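We call the chains A, B, C, D, E, F, G, H, I, J, K and L, going by the order they appear; numbering starts again at 1 in every chain.
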Amino acid sequence: MYVVKSPLPEPDLKTVSGALQGALVDLVDLALVGKQIHWNIVGPRFRSVHLQLDEVVDTARTHSDTVAERAAALGVPPDGRASTVASDSGIDAVAAGWIRDTDAVGVLVDALGAVITRMRERVRATADADPVSQDLLIGITADLEKHHWMFQAEHA
Amino acid sequence: MYVVKSPLPEPDLKTVSGALQGALVDLVDLALVGKQIHWNIVGPRFRSVHLQLDEVVDTARTHSDTVAERAAALGVPPDGRASTVASDSGIDAVAAGWIRDTDAVGVLVDALGAVITRMRERVRATADADPVSQDLLIGITADLEKHHWMFQAEHA
Amino acid sequence: MYVVKSPLPEPDLKTVSGALQGALVDLVDLALVGKQIHWNIVGPRFRSVHLQLDEVVDTARTHSDTVAERAAALGVPPDGRASTVASDSGIDAVAAGWIRDTDAVGVLVDALGAVITRMRERVRATADADPVSQDLLIGITADLEKHHWMFQAEHA
Amino acid sequence: MYVVKSPLPEPDLKTVSGALQGALVDLVDLALVGKQIHWNIVGPRFRSVHLQLDEVVDTARTHSDTVAERAAALGVPPDGRASTVASDSGIDAVAAGWIRDTDAVGVLVDALGAVITRMRERVRATADADPVSQDLLIGITADLEKHHWMFQAEHA
Amino acid sequence: MYVVKSPLPEPDLKTVSGALQGALVDLVDLALVGKQIHWNIVGPRFRSVHLQLDEVVDTARTHSDTVAERAAALGVPPDGRASTVASDSGIDAVAAGWIRDTDAVGVLVDALGAVITRMRERVRATADADPVSQDLLIGITADLEKHHWMFQAEHA
Amino acid sequence: MYVVKSPLPEPDLKTVSGALQGALVDLVDLALVGKQIHWNIVGPRFRSVHLQLDEVVDTARTHSDTVAERAAALGVPPDGRASTVASDSGIDAVAAGWIRDTDAVGVLVDALGAVITRMRERVRATADADPVSQDLLIGITADLEKHHWMFQAEHA
Amino acid sequence: MYVVKSPLPEPDLKTVSGALQGALVDLVDLALVGKQIHWNIVGPRFRSVHLQLDEVVDTARTHSDTVAERAAALGVPPDGRASTVASDSGIDAVAAGWIRDTDAVGVLVDALGAVITRMRERVRATADADPVSQDLLIGITADLEKHHWMFQAEHA
Amino acid sequence: MYVVKSPLPEPDLKTVSGALQGALVDLVDLALVGKQIHWNIVGPRFRSVHLQLDEVVDTARTHSDTVAERAAALGVPPDGRASTVASDSGIDAVAAGWIRDTDAVGVLVDALGAVITRMRERVRATADADPVSQDLLIGITADLEKHHWMFQAEHA
Amino acid sequence: MYVVKSPLPEPDLKTVSGALQGALVDLVDLALVGKQIHWNIVGPRFRSVHLQLDEVVDTARTHSDTVAERAAALGVPPDGRASTVASDSGIDAVAAGWIRDTDAVGVLVDALGAVITRMRERVRATADADPVSQDLLIGITADLEKHHWMFQAEHA
Amino acid sequence: MYVVKSPLPEPDLKTVSGALQGALVDLVDLALVGKQIHWNIVGPRFRSVHLQLDEVVDTARTHSDTVAERAAALGVPPDGRASTVASDSGIDAVAAGWIRDTDAVGVLVDALGAVITRMRERVRATADADPVSQDLLIGITADLEKHHWMFQAEHA
Amino acid sequence: MYVVKSPLPEPDLKTVSGALQGALVDLVDLALVGKQIHWNIVGPRFRSVHLQLDEVVDTARTHSDTVAERAAALGVPPDGRASTVASDSGIDAVAAGWIRDTDAVGVLVDALGAVITRMRERVRATADADPVSQDLLIGITADLEKHHWMFQAEHA
Amino acid sequence: MYVVKSPLPEPDLKTVSGALQGALVDLVDLALVGKQIHWNIVGPRFRSVHLQLDEVVDTARTHSDTVAERAAALGVPPDGRASTVASDSGIDAVAAGWIRDTDAVGVLVDALGAVITRMRERVRATADADPVSQDLLIGITADLEKHHWMFQAEHA
């Protein structure tokens, strides 16, 4: 059953769908990691980082929806199931249990950094194949880099 | 590091934290499954079910936050990481790729049914140990059973 | 055609569905009575009671929807038709025509009192059979008793 | 007790008050029937019709309030009690229990058709007696005919 | 300077512009009288009537704007100056100073009654000359008669 | 396929459907002309007229929807396609390219005047055939005449 | 009947109540004059000045309410009746009929100037007698002077 | 620990901080008294006064926050603890238990009168020492005197 | 004067009214303590804790209203006067003057802990006597325990 | 009259203005076609597609405004008149009269497909000539492709 | 060109215009300094101070507009150009580049302190010359002193 | 102290940071110039241009924040201080004092033209170095060119 006709020729489609599927997995995991730390953080900066993490989660959820619907719009069924996210995410595993605020900020600096590196590769890879998808990925990168700056500034 | 003092004695705490952790995993997976089908559904009832699934996702996200914060409030760090969800969820694995609307409704009937069965066990299990947590689980069960009815009514 | 599978065993279901159907009829009639007096009240306290009655109507309409959808979620088709309400309501018949403000307040004190007595019986009856339905009925009773207090305070 | 002075002479008042009282009963029953089917409908179009019915209920409730308060403003106490609605409504009795979506749409086509026929007679009857009341009835008829079109279009 | 071309022939225009100018003066005065009593009322029903009067003022201000702009749209400059209102209003002069709540309600019953009588004459007068203006006057009359009912109901 | 049953007898229906179809075409074209000038106007009054034109467009779009759905509700399929609008509109063709503000105001005075003349004929034509449709056309005419006044006042 | 006890001694009260009554009359008339010109203005600046005048009317209506309720709070019944406004206002009489935009702006410059001069006298007069009332009058003067600047700037 | 540097010299600071601390205690108690009567009032005017009291409570809560933060801004730690309020408030003790509506209005007339008298002394005392604080106290007095008028008008 | 008839028998009523009166006093004091520290806190975490305290105050104020009106609905007049709160509260006295942020967080941990302990006793005490009141107290306890977790997490 | 100076050199301007004018015509026609089918659709999926079409119309109207104002900003007067749309649109002519829901979905699949193909050509054509305009066209294409996906998914 | 007539005599005008122009320059610079530090702050308190600074910027922008328009209303053209701000501001120059959070708080304590000192002089200077302008400056000083307290409290 | 790690290599970073810093200075100055003329404009088009200028100021303020935070996200501290703006802005100095409306429009045409020319150079310069930053600059250019068109259209 191949229901949605793609506006892209086959080789371009392969490139773009790979980029979108990768972005989807990273963003879903970023939302899960963000919530995990939102719930487990402790320390004097608890409230401030607790609130800030929900903004990361909002960004990640909104963009994962955009990216998945973009894939579907190109005729490629997106895969955001828990097992796929658990195996393919570019974010390092987070330890279970309470986490101190200073460590929590460090985890986010690393997680965002890892996702941004991969996103910039996706921006380059999709430039010729589909400027529409590239434009979405550029916007996502800008948002992630802004969050990254803020967590780095707090980590100074 | 055992930072949040629990208002419950040890044996009760063990019961309640098991119930909350189980509920958290089911609800996070329900949100992921809901989105997965939201993106991959096809067929004449696409739009109607596509919108309905976002309401399930909203319910699941809101309640997973409530449940996780309740566990934290009882001094138990919640675990909502992708790998935990992938291994512990009570919802059967969903196949990748496009899914017809009729099948999509059936998947939700089953997924909600499975979660509700486990939730009712948790309601019973927590009655003596912590009526506050039980009250949350009762409210969640009521919402899930309402969604369940609607998908069953559509599946008739 | 028995379309919605009930999560309750048969004897419990009979108890709970009786309670919910009874509550539905009382709440629909309370909304009709509230509007009837909203339109027919006269006297110096006209405006104050006229406005207060719309709050009772809002409460009754919202809860009648909750109760009916709860019955459906348990696999029991609810019945809120005019003839059923006319024959089964627990509220005494209201006379037609203009009604003085003092009498209007008295009618509401009686109507709310009658419904509350029956609701408290339903709370008791459903405790073991279905704590989820009981929880809804408890919330409804709390709202009705608040309205009852206000009309009694005005009737002092 | 004849408290509100009518701006209309006696024969005109009789015509107009009959039309308004009839409209009130039809509209209250339309709201009850709309809710009854909103709760009992089953089948693949469940959600779509379930939502659409609440829009009919909103229309009916808003206009029943307008019509009743118009009667009061003309010095005639309106009667919207359950027993009056059960005996005087122009809508055929609806069967109890679950109802398939196709049948549900048919019930609404018939119910709206019956009310519209009576409303158009009331528009004619009140033209000379009270153009103010006629104007309200014209607006109500326009809304009901729009709902009627939609259910007919769905029934095609 | 005759800047706005009227869509009406001369004799019709004379009839309609007289009706609109009369309605404008009555409505502006109704707003002034409503505020005057809003500020000067005393007695146990102070708060209830004080609030109710602001709803009359809102109705009067909104409709005076509609009526004046309708006159302008027909090419007739409206006149809502204080001296014109003071000399041409159909509402009896109100005494200066504090006014008891019971008397205040009576003043409104009379003022609204006087304006409604004149409005109904204007509805009759404009039926053939301009159905568009008549439609506005019908809507205004309906609103005024609803306020009139409420003050009469309170005066019972 | 004659799916929607008309509440009107055949000769009345013909009169009314002609009036509604004509109104639809005029209103769709008024929206297109309003936008055309909104984009092409130049001169010192640019901003003021640019904004004012969007209010005309809003009025025209809202009423074209009302009129088309009214036709459908009477069982007559409406026609608002570009080619139909281009051939049947009552508004004179507008020249392409930039247009000075003074000329722009004049174009609107003429366009609104032409549509109003035809609308008033439709109001007369539908009085006996269908007071419900007439009521809609009266409301539309009132709005258009208000816009007409404003552009005439600016053109003085 | 001297119902509201004044917090001010007699001589101070006389000064303050004179100032407030004068301000009330000026502000009510400013609202009436603003509306009069809002309806009768013609010329290329129609729309811009038409909208600006409604902001003056809003200011005048809001402040007239504040001033009247302040008088009542001091135990002095305010007088805002049409005849009082017509005889006591500090604004020169406005001619009836259409008014060109340039003249309209001039009328407002004069009207606001006249009211401001009187307000500044009231600010001075109430400084010792009642700083609370003076504070209200200062705020009103600031708002009026801002409107005055804008009309002067447009009149340049 | 004297952390916040005051912009005022010592003697002025002493005057102003006394006025602000006194105002804080009076306003916190006014909110507590307002709620106490809001809950305990009975009689035909129950609903009207019940609602009116919540407006007094809102005013008192908002202004107590402003006054306390103003004290802090001047370098003086405010004291709004229950024991301080119980011992220093200017409002007479209120009896426990149900209170009739007429008596309730009288209690508020007295309570507001007592607070206003003290506020006017504070306005005088702070005029030279700190016009910024005085300005806040003037605004508070105006709001309290408006409430006072309303309760007096109701007590007439 | 025993105006409101209780739906509970005498011994149950005594139990429940004691629980509600105790909860009322604790919640009113929690709001006062929260504000006291909101105003007096100093240190690097000032802003974060200052904002967090207003959320505690909102919770305490909302629930104190619910609890007091529940008591009234059961026929028992609630007592929330300053002197009652000062003598009966379960929260330890707070010192006057500036308080460092670290100490402020500790005060809240203790205050919330003390209230929660007493609330859990009230939940137990009311289980049989009145499940409706118990349900309210359970909801309040859940909210307080969530705040408690957050302050404990910050105090780690 | 060449009033707006273009920031682009002549050959680039020609390329870009052609692309924008083409996009404008397609988008205006898409809005007209969307409304045409919104009004004429019949069949069981009536309501679902009826609502979905209004979202297409919103997208098309918003983007047609953006595109036309972009052309004007580049110094090129846009042309969105009915006759231009009728002759230049890239969407196939739609038949008049009622249309079944299945066919309606197919018409939208085709119409969106045709516009998307042309938009992608415009994206390519404007890449070098004006990246600012290209960026707008990319965003429009993304939105249209999302709608296209949804209608294709429904057509499976 | 001296277009706006001043309500003040010449010597008073000179005093007041000097105060307003000085306030304008200080407030524009406060907004620029607030943004500069909002962007360049680093350290663990980054987010909390980053957000707090935007509240200072909002205050400064709102009041700079008020002050400038007040000057214009008095007939004096305000000067808020970059070069004027750079030369006349009362705030010490801020160093370029990243700034640690502790230093950032110190910069704001000093900047607000400097502006407040000058504002208090302006309040004194304008007392006799123009109480209307003085009232604005008092309100501005109150807001600035509240921000000052908060930064001092955080600096403790 | 080099706290934020840049995702860009050194030569690219130099190019991009130069473009962003230049854009920041131009946008801050555009906001200051926009306000300066907003306050000093006189003439018949005062109100229209006065309002339009606030839209330019909003655009400039929003984009200056985006640009500065983008620089920070790339590890480069932005500089938006008054002295930097005064010396580096690309907008010509504006004369102090009142300015006629025609001249005001001309100043904005020139200011926007100067900033747009520089922005287009920055778009070109950043294409290879950082497509994320380029995308922001493209969006800013589109908004500025739309404002430029409007002021040119008004200047025709």
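Operating definition for what follows: a contact is a pair of C-beta atoms (placed from the backbone, for glycine too) under 8 Å apart; a residue touches a chain by one contact, two chains touch by 3 or more.
Values in this document were obtained by computation on a predicted structure and should not be read as measured data.
S.K.: Please identify each chain that touches chain F as well as chain J.
M.R.: D, L
S.K.: Would you mind naming the chains that touch chain D and likewise touch chain F?
M.R.: Touching chain D and chain F alike, sorted by label: E, J.
S.K.: Pick the pair from D-F, K-L or A-K whose contact list overlaps the F-J contact list by over half.
M.R.: Of the listed options, the interface copy of F-J is K-L.
S.K.: Calculate how many whole Å lie between the centre of chain E and the centre of chain K, each centre taken as the average of the chain's C-alpha atoms.
M.R.: Each chain reduced to its C-alpha mean, chain E and chain K end up 49 Å apart.
S.K.: Could you please state the distance in Å, as a whole number, between where the Cα atoms of chain A are centred and where those of chain E are centred?
M.R.: The separation of the two C-alpha centroids amounts to 62 Å.
S.K.: Report, in whole Å, the distance between the mean C-alpha point of chain E and the mean C-alpha point of chain F.
M.R.: One centre to the other, that is 31 Å.
S.K.: Two-or-more-chain contact residues of chain E, please, as numbers and ranges.
M.R.: Chain E, residues with two or more chain partners: 1, 3-4, 42, 45, 48, 69, 72, 98, 100, 135, 153, 156.
S.K.: Going by the touch rule stated at the top, which chains touch which?
M.R.: Here the touching pairs of chains are A-B, A-I, A-J, A-K, A-L, B-C, B-D, B-I, B-J, C-D, C-E, C-H, C-I, D-E, D-F, D-J, E-F, E-G, E-H, F-G, F-J, F-L, G-H, G-K, G-L, H-I, H-K, I-K, J-L, K-L.
S.K.: Within the complex, which stretch of chain I touches chain C?
M.R.: For this pair, the touching residues of chain I are 1, 3-5, 7, 69-70, 72-75, 131-132, 135-136.
S.K.: State the interface residues of chain J toward chain F in the complex, per the touch definition above.
M.R.: Listed in rising order, the residues of chain J that touch chain F are 1, 3-4, 28-29, 32-33, 35-36, 39-40, 42, 64-65, 68-69, 71-72, 77-86, 89, 93-94, 96-98, 100.
S.K.: Within their complex, state which residues of chain D touch chain J.
M.R.: 45, 48-49, 51-52, 102, 150, 153-154, 156
S.K.: Write out the stretch or stretches of chain K touching chain A in their complex.
M.R.: So the residues of chain K in touch with chain A come to 41-44, 46-48, 50, 98, 100.
S.K.: Where on chain E does chain D make contact in their complex?
M.R.: Result: residues 113, 116-117, 120, 123, 127, 134-135, 138-139, 141-142, 145-146, 148-149, 152-153, 155-156 of chain E touch chain D.
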